[in-house]
Structure formats: structure tokens, C-alpha cells
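Residue numbering begins at 1 within each chain, and the chains themselves are lettered A, B, C and D in the order written.
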Amino acid sequence: MTFTHTVRPRYAEVDMQGVVFNAHWLTYFDEACTRYFASLGFDPKVTFFEGGTFDVMVVKATLEWKGPAGFEDEVAISVRADRIGDKSFDIRFSASVEGRHVCEGVITYVSVKPGTKETRSIPAVLRSGLEPSLEREPSL
Amino acid sequence: MTFTHTVRPRYAEVDMQGVVFNAHWLTYFDEACTRYFASLGFDPKVTFFEGGTFDVMVVKATLEWKGPAGFEDEVAISVRADRIGDKSFDIRFSASVEGRHVCEGVITYVSVKPGTKETRSIPAVLRSGLEPSLEREPSL
Amino acid sequence: MTFTHTVRPRYAEVDMQGVVFNAHWLTYFDEACTRYFASLGFDPKVTFFEGGTFDVMVVKATLEWKGPAGFEDEVAISVRADRIGDKSFDIRFSASVEGRHVCEGVITYVSVKPGTKETRSIPAVLRSGLEPSLEREPSL
Amino acid sequence: MTFTHTVRPRYAEVDMQGVVFNAHWLTYFDEACTRYFASLGFDPKVTFFEGGTFDVMVVKATLEWKGPAGFEDEVAISVRADRIGDKSFDIRFSASVEGRHVCEGVITYVSVKPGTKETRSIPAVLRSGLEPSLEREPSL
């Protein structure tokens, strides 16, 4: 089952072309990821503010826009793991408005020791949280 | 009855002091005002994007911070009319976190002809929407 | 002599009305204040990041818009002290585009012990930096 | 010769980890691209606001972070064409702080008829502006 987070673009986030300015998508995806982690049982305040069982750094992001999203649209962002390595993992974000695909993003997070920039293996508790959302080839 | 809109500050909106950076409060209040207008029956997309029965320009804003709000806080913003003149009105925003008052704002909006900067009297339909929220001296 | 900082609004900061969205003015004034403090000899990185001889919290802000500023405008923001009390002071920001007044702001800062929210008297070194910009009644 | 634009991250743009929040890099690169176009002789206000000889839409962006950039850093962003197709082109942004590489971005722009979302071939005047910055294999 895929986790979905909904965002309604603010007036301030829409540019003169009448669409959400591109940079805000990274903020929307960050918010969606925070809620995804919360849905896995990781309290965001504890995890990212007070120093919890894991922490991550964003090292890469790829975004592709498929169509416009604007003021007052209800943007549904589905979130799932796309790759889980030893020290890093990819989260795939797929945003749509009323079933129309508007933006796709893949963000690579590196696992770090909380409060540091020291990379380390993804903790087992995080790995087992992410795994169920990994899309797999259908087995025969 | 006072209209209330809830905002959860994003990670991106919290600064190095661990609190919501001051400018974002104007964005939160703008979002709260949009939802307030929606609650009065004015569709925001029609009103502010396609040109509806009224339009407004912000001409003044006063904000006072009473305490910190940070990442993952549930910020409840109450919204009500504070003054209704001929061509302008004030909206009062009162933000709290778990009952703790964190920020107070008063924003002055000037009524303009939709799609222009030409001021005009507040349309009757907007005036009658705002009036019920005006705080009044208790009658004897 | 008044300190002036120049800002060129970004495409991302201009809304569907073709003007800088109101919240960004607090960010512009914050940037202008940082540069003003730098001009007084207070290195911003040391002062606001590493813990310097003073620190401040914003407790109040009043903004008045006089006219539009938009994409690619050169916004000149003059900065000066407007009031210097014992524990707090006001900075006045006056923004213009090609001599046309577009936005006026007054922000109240409270002096705090660096790294804390504990108020304290404005340090002498900061007070003497601010004082020359205080506007005074012309003497006879 | 490569065009370079310098950005100094604002206090508001730095997050609780003490680094520029990832989304702001797309805003920095957008600002750098605007200045790059200006350096090629395309007035940004005319081009992107009033409808000039060309207009573009962002359809893809890839960012890779190499190291931290924070408050008061001088971020030098070099800008050059990385690919020029028939209807789209890629711009490569390379950001460094004191010679230290901090962020790399490639953004794909699609040429559209000004004021529309209708794609069309890159106008000759834009193509000839972009070409000199295209990196080429060294000739023997």
C-alpha cells in the first residue's frame, strides 16, 4: 500500500505563469517524506530535531514535471521507497491533481549518525519500515 | 463563532534558532485568510485567480510574536474581522500552539476592482460575510 | 548617513498579481538588517551563527506598502535605528524603486544573551553602533 | 568563458542543520539563469514578464549536493549550456564556496511560444546566445 500526502499550493507559491514555482516541489516532497516517516512510526520532531534513531542527508534529487499545478489545486503525493542500499535509499514521489500526473521526483537520502555528517548503514528499524513500500517485480 | 485554520510548520520554514522564521507568518496568515474567505462561500480560485466579485490588496500588516513555534507544532490560527471601513478592512489573526499564544497579526486589506489596483467600496456580499466575526462590546 | 542595501526580487518571489508577495518583505528587511550589522563591524556569521557579542529576537514588525515592486526591480532599502531603549530597539526600513517609495517597515528587536531567549540590556558596543543612525530633531 | 553569478544564502534559507535547505538551490539556479540570459542580452523583464522573443518552461531538474553551504557563504554559481536540442536545452549549474564544490544541477528547459505552453524550436537568436558556452571536446 502506498502512502499519500496531500498539499494545497499557497498563493505565495504560485508564480507569474500561474503555476507552482519549481523549487516548491522539493519543499512539498520534503513535507510528504516527513509525513511518510511519521506514518512508519518515526516521530518527526524526535527524529529530525531532537536526535532519534536515525538521521538522513539529501544528496541527490531528480524532478520531472508532467503538467501544471496551481493555486487551490489538491495535490496528492504518493511516497514509496524506490531503492534501498546499504547506506543510502531512494524515495519516489509521484504527484497528481485529480488523477492527472503533474510531477515525479526521486530523492536519494544517505543515512548519517544523528547530529553528524558521518554516514552509516541504514538502521534495521528504518530498513524494515521502508521495505514494504518497495515495488517488486511480480513473482510467477 | 471564530474561524480557525491549522498550519504545521515545515522543516524548511524553521531557522537555525529552531523557530519558524518571521516572514513565514505572513504566508501562514495569508493561507488562513484564503481559507476564511472560502468558509464564507467565496471560492478562492474564482476570487483570486479568475476574477470574482471582489479582490483585495494588502496595504498594512502588524505582527507581534509572543512565543516560539517550531517544527511539527500544530499552529491554530483564529481569523476574524477587526474593523470594517468603507473601502478597507482589518483581519485579526491569533496563532496558538496547544493553547499557548505565539503570534498575533492584524492585516489591512483594501477593496479593489478585480484585476485592477482601483480602490472601491467593499462589496455588500463581502461586508455581510465579514460582519458576523466582528467582535462587539458585550451588550447589557 | 543612512545605510542602504539593494535587493532584486526573484521570479519565485513575485506572485500572480505581478508584485512581490508580502511575506518576502520581511525576508528582504532581515537581509538588509544583516548587512547593516555587517556595516557596523559585526560579522553576521560570528554574531548570528557562532554566538557573538550580542544576539537579538524579533518581537514586533509593522509593514506598510506604498506601491508595487516586481520582477527585476532594483529595490533600495535604507536602514536606520528608529528607537533605542534599554533592552530593545527599533530598526526602520524604507524601500524604494527608482526613487518611488514602495514599502516601509519598523521591526522591534529584543537583545538576548547569545544562544538563549534571556533578555538583557543592549550591549554598549551595539548601542554605540546603532546611535549614529538615530534620526534626531534638527538643532537650532 | 563561463558566466558566474554569486548568491549569499539568507538567514531564512538555512535550516536547523545549519545548511541551505535543498529547495532553495532551485531558486538560486533560477536566479543564476535569469542573470545568464541577461548577460546574453535578453532583458529578463521583457523576456519573462512582458513577452519577448522567447519563453521557456522547466521540465526536468537534477541536483547533486557535494558539500554544505550555509549562512553568509559566498556561493559562486557557474552557468553554461550542456545540451542544445531542437526544442529543448539543458543548462548546467555548478556551485562552489571558496573553490569547494557544493552543488551541481542540470535543468532542462523547453522552448515555448511566449505566453503559451505550445512548444516550438529554439529561436535562432537564443540558440546563438547559448552555443558559445557549450563545452566541446578539445580539438587536436
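Criterion: a residue touches a chain if its C-beta (ideal position, glycine included) is under 8 Å from a C-beta of that chain, and two chains touch if they have at least 3 such contacts.
This structure is a prediction, so every number in the text was calculated from the model and none was measured.
Student: Per the definition at the top, count C-beta pairs in contact and tell me whether B-C or C-D has more.
Tutor: The greater number of contacts lies at B-C.
Student: Centre-to-centre on C-alpha atoms, which chain is most distant from chain A?
Tutor: Result for max centroid distance from chain A is chain C.
Student: Could you please state the distance in Å, as a whole number, between where the Cα atoms of chain B are centred and where those of chain C are centred?
Tutor: Inter-chain centre distance comes to 24 Å.
Student: Distance between chain A and chain C based on Cα centroids, please, to the nearest Å.
Tutor: From the centre of chain A to the centre of chain C is 36 Å.
Student: What whole-Å value do you get for the distance between chain C and chain D if each is reduced to the mean of its CA atoms?
Tutor: The mean C-alpha positions of chain C and chain D differ by 30 Å.
Student: Could you list the positions in chain D whose residues touch two or more of the other chains?
Tutor: 11-12, 16, 18, 21, 23, 27, 30, 48-49, 71
Student: Please give the residue numbers of chain C that touch chain A in the complex, ascending.
Tutor: 11-12, 14-16, 18, 21, 23, 71
Student: Under the touch definition given earlier, write down the residues of chain B that touch chain C in their complex.
Tutor: Residues 16-17, 21-27, 30, 48-49, 57-65, 68, 117.
Student: Any idea which chain A residues touch chain B in the complex?
Tutor: Against chain B, chain A makes touches at 10-12, 18, 27, 30-31, 34, 44-45, 48-49, 70-72.
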